[in-house]
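The chains carry the letters A, B, C and D, assigned in the order they are written, with residues numbered from 1 in each.
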Amino acid sequence: MATVAILGCAGYTGQETLDRVLAHPQLELLALGSDSLAGKPPWALDPRLDAALPAFVCNDEAAASGADVVFLCFAADDAATFTPTECTVVVDLSGAHRLLDTAAARTWYGSAPGAWSYGLPELFTPAGLLIANPGCYATAALLALAPLAGRIESAVVDAKSGVSGAGRAPKATSHAGSVLENFLPYAVGEHRHAPEIAQQLGVPVCFVPHLLPVRRGLLATCYVQTDANVRELLEDVYATSAVVRVLPEGIAPELTRVQGTDAAELGVFTDRATGTAIVVCALDNLGKGAAGQAIQNANLALGLDETAGLRLHGVLV
Amino acid sequence: MATVAILGCAGYTGQETLDRVLAHPQLELLALGSDSLAGKPPWALDPRLDAALPAFVCNDEAAASGADVVFLCFAADDAATFTPTECTVVVDLSGAHRLLDTAAARTWYGSAPGAWSYGLPELFTPAGLLIANPGCYATAALLALAPLAGRIESAVVDAKSGVSGAGRAPKATSHAGSVLENFLPYAVGEHRHAPEIAQQLGVPVCFVPHLLPVRRGLLATCYVQTDANVRELLEDVYATSAVVRVLPEGIAPELTRVQGTDAAELGVFTDRATGTAIVVCALDNLGKGAAGQAIQNANLALGLDETAGLRLHGVLV
Amino acid sequence: MATVAILGCAGYTGQETLDRVLAHPQLELLALGSDSLAGKPPWALDPRLDAALPAFVCNDEAAASGADVVFLCFAADDAATFTPTECTVVVDLSGAHRLLDTAAARTWYGSAPGAWSYGLPELFTPAGLLIANPGCYATAALLALAPLAGRIESAVVDAKSGVSGAGRAPKATSHAGSVLENFLPYAVGEHRHAPEIAQQLGVPVCFVPHLLPVRRGLLATCYVQTDANVRELLEDVYATSAVVRVLPEGIAPELTRVQGTDAAELGVFTDRATGTAIVVCALDNLGKGAAGQAIQNANLALGLDETAGLRLHGVLV
Amino acid sequence: MATVAILGCAGYTGQETLDRVLAHPQLELLALGSDSLAGKPPWALDPRLDAALPAFVCNDEAAASGADVVFLCFAADDAATFTPTECTVVVDLSGAHRLLDTAAARTWYGSAPGAWSYGLPELFTPAGLLIANPGCYATAALLALAPLAGRIESAVVDAKSGVSGAGRAPKATSHAGSVLENFLPYAVGEHRHAPEIAQQLGVPVCFVPHLLPVRRGLLATCYVQTDANVRELLEDVYATSAVVRVLPEGIAPELTRVQGTDAAELGVFTDRATGTAIVVCALDNLGKGAAGQAIQNANLALGLDETAGLRLHGVLV
């Protein structure tokens, strides 16, 4: 059993990581870090949590717990200043260490890239102990488009995410009165997942995120000009994946089938009028877009079965 | 006072047209047509309706009522077989008469275009008595892009609509259990509003509609390559419009401000990475996307003030 | 024309009051008060607002504007400390002045009742210049039950409200991630609208509010034992009301028909097993439950037509 | 391994039962019955289903498959006419066999009770092979109130359910356009779960169900006059339950924590003004309210661990 510390456990990605760790047959929870909940019992976060779990400690104490794996579930600013201990696997769920170019990292995150490796297991195997977990939007866009790298010159990615993607801290923009029965684009043409997608794809991307009135789930509709056989390329790359499903012709991805899971769905279409290739990816922003992928990355770094602890089964309505 | 007959009044567009007619200072309701409600009092449709309104009659009877204006609130198949009476203004809210090319009309609607005029008042003034009211998606895409006609070679239109756009008849796809907390694209690359947009725009359009978990409202995010000054062109075209608002720089359209109204909002952006022009349009699919525009078209055909009877005021939360 | 100052205009009730004032034929907006928006143009609150309206000023300045009517759209704590000017009509939309008993007012609001009059026009006509506008839950419960006063000994009121009832300030409990696809009771058995209902009804009330995943709208299901003919009593009281509709037998109130309006719906039922009388009231918490009623109260105090400026028409889907 | 046939598998309760069976360590799927999907592969129902599962057959064929356990996931009318085979465990998820009194069964379901046993494992252990699975509303009300039987004389149960409770067949009342941003009571004072609750509780119940704009989840707020120590009684009954959680004082049940699970939550409160005991129960109408309980009942009938195959773990946001 490898031991685990979760830092920033009171946020959405922290709680979801905890969910996967508790179900993981080879991980053992050692420390629950949260500065806001330090000193409180686990059920202060959620009454479903067993009283026998370790109580919350402050993040510094959790970091010093000597765990084999540390999950950083902070905002990027806080993750940027975290100092890893030797011999510890660290998975950073924030954006702080995703951009590998120093200038880009400075511009978008005010941080330096350092020795972190970008881990999107189906496409970019993480190396070393320090792993930058991809953004939720970037994961969806890359699952859809990375297999076409070299065959496209640019892409339009129109993405839509549930509100949990914006984090648990109360903000005017995530107030239910602004979200319910509403829909809007934000950070139009200037969201920081755009350079992340472009970095891994090798071509520039026009990216527009939108806020859906749903709790969880993300769907990206990607438009590219290419002479590649898109369906064939995608089916090839994900043929043996337990995480990514390429749907049969004519079936479109939708949120319901991926919500609460760590799976992703891809649909492939061709526009009748323009011949544009349209690849649609649906995933759960807190699952494959965050905690699920973090566990996948940790599994690889620890030499465990890649999908151990993931939520991949079931056909809930 | 001009007299009005509404055919197909029990559907969503029928009820919304009725809503505008009742508030219109120069229109008088003469006949409420509905085959399913024929013989019933008006409040059988909605308890808010005054018992003093005319009772429902079957659509044929409403058509023969001698009204000055007939609103066809049918599905396209039924609207296609409607025979207009001389000297009557007819506004068809279905798609039956929107495509002007015979082959296209046959392919997409199984109907013949005939002598109908496409009426999108801000851009395409209707002529004659028979007016084809634009589709909700087409209205949004055209408000965003038509002012750029001649300056673009193609467009990607990624659109999202509330469920009322699919009509009131119960279907598996509009079951709340399939819509709530869900989001998905449909008719990907082959929706019949694509040829409608292309026809008015003069260039091919890659169009993908999506189903939002909201009751009403539609937002289209449009991507084009152009050397035009997009903001300037749009502000020019809509400078005096009481219906279409071009939002100040940095403000994005959203559903809440247009729901329950006949107004539309436009936002103009440039993508930082690719220079792509992004024009976003929000409107209410049942307002400017259907009943509101139908009233506008009828007003023009009758020589009335273009915005009489429209819902254009208020700042509801 | 009477002149109006709105204090706390940036909140939900403030914005909705502004909406009604702008549509009111006999009210003229003199001052827009908001400490957070002071110095900003009106469209800083909402891009739909005309640039020609007065700019925001701080609340103290708005209070000193000399307006004939002041709408207090504050939280109760702030409203409690407001000092009215002579000869000015003041409508307090908060709870600060609703409880007439000094001890109750202290307990629930930490405020003193003073010379304020409770104004629920259909049932309790306000007197004097200082009017306490009822709570949204209390309005619904009282519309349902007050006509039965003297014929009941107690009541169970199970109420459900949309999230705008909790105000615009971001809080953990109004975060969309906590509200969407969720439903829960809160302040169970100890909400401060309970003593307000009891005060006007004359009997104790067991009141439980719940949070609905909707933006606006409120429904109260009220259970009483009585030998009165409930339907007859209610139809009598509201026979001539333009605001309150008693629905025909067998039809239940629902949110859609009252959202965005200042109307209320009542449904009357008898339980088959126990004979319990069940009265259901639906209204918009921001309409009849707040801004609409505030305008009604101001109209009465100014001697205007009671329903001037209200949103009472239309049959939106 | 016991073998399983699911009849009516294409509906909501059928699909959810399938979900639990696939995860069950001691159940093996033998036949998937559905008249509408007969002849089609499993992924015709849901693309997540493994192609290696048995194809759909018509319900009669599934019934004759010789399975050890049959789950009837029909509407009540169809379940009423089902003839069980000897030596087979049959769990009927419809209401056809819940009412034990012949007259009541006739009145509410047009069916005869026969030799079926009511199975709500925590309270009423099923006996024999033929098990009537309780209604979702009845389950919630009984979990809240049955421990108080003998200490109460009647109850008010105000319940609210997500739309999946109404089944998958498209109807006007489950159209998303009628459900989204809406809320309403239905079958007020005359719903057929009322006699079911009363039958098990021994006292009459005033029951009003409401339709929530959520996909899944149900919450019942129960009001009783009693001199019992309600919290003590409930904590006692559920002390060792893995399914039912009595929440600590001051914490209210909510849908999010039970959605997609087979667990139930209870909250206990006392009204400050009237002393009324308020017990709130939250569960998933498709989980503990249907498929989860059906599996629990089958487990008991087969002598397996009661909670085998259930969804009881996790702390999803």
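Methods note: contacts are C-beta pairs under 8 Å (C-beta built on N, C-alpha and C of every residue); 3 or more make two chains touch, one makes a residue touch a chain.
Fair warning: this is a prediction, and the values are worked out from it, not measured in the lab.
*Asks:* Keeping to the contact definition above, tell me which chains border both chain A and chain D.
*Replies:* Looking at chain D and chain A together, the chains touching each of them are B, C.
*Asks:* Decide which interface, A-C or A-B, involves more C-beta pairs in contact, and give its chain pair.
*Replies:* If we tally the C-beta pairs in contact for A-B and A-C, the bigger total goes to A-B.
*Asks:* With chain centres defined as C-alpha means, what is the inter-centre distance between chain B and chain C in Å?
*Replies:* 35
*Asks:* Whole-Å distance, chain A centre to chain C centre, using C-alpha means?
*Replies:* Roughly 43 Å separates the two chain centres.
*Asks:* Using the average of all C-alpha atoms in each chain as its centre, how far is it in Å between chain A and chain B?
*Replies:* Computed value for the inter-centroid distance: 38 Å.
*Asks:* Which positions in chain A are in touch with at least two other chains?
*Replies:* Correct list: 12, 164, 177-178, 180-182, 213-215, 256, 317.
*Asks:* Of all residues in chain B, which touch chain A in the complex?
*Replies:* Of all residues in chain B, those touching chain A are 154, 156, 158, 160, 177-178, 181-186, 188-190, 194-195, 198, 204-208, 210, 212-215, 217, 219, 221, 223, 252-256, 259, 267, 269-274, 276, 278, 280, 282, 317.
*Asks:* Under the definition above, what is the set of chain A residues touching chain D in their complex?
*Replies:* 12, 15-16, 18-19, 22-23, 43, 45-49, 164, 180-181, 215-216, 245, 247-248, 251, 256-257, 260, 263, 265, 286, 311, 313-317
*Asks:* Once bound in the complex, which stretches of chain C touch chain A?
*Replies:* Residue list for chain C touching chain A: 12, 162-164, 168, 170-172, 174-182, 213-215.
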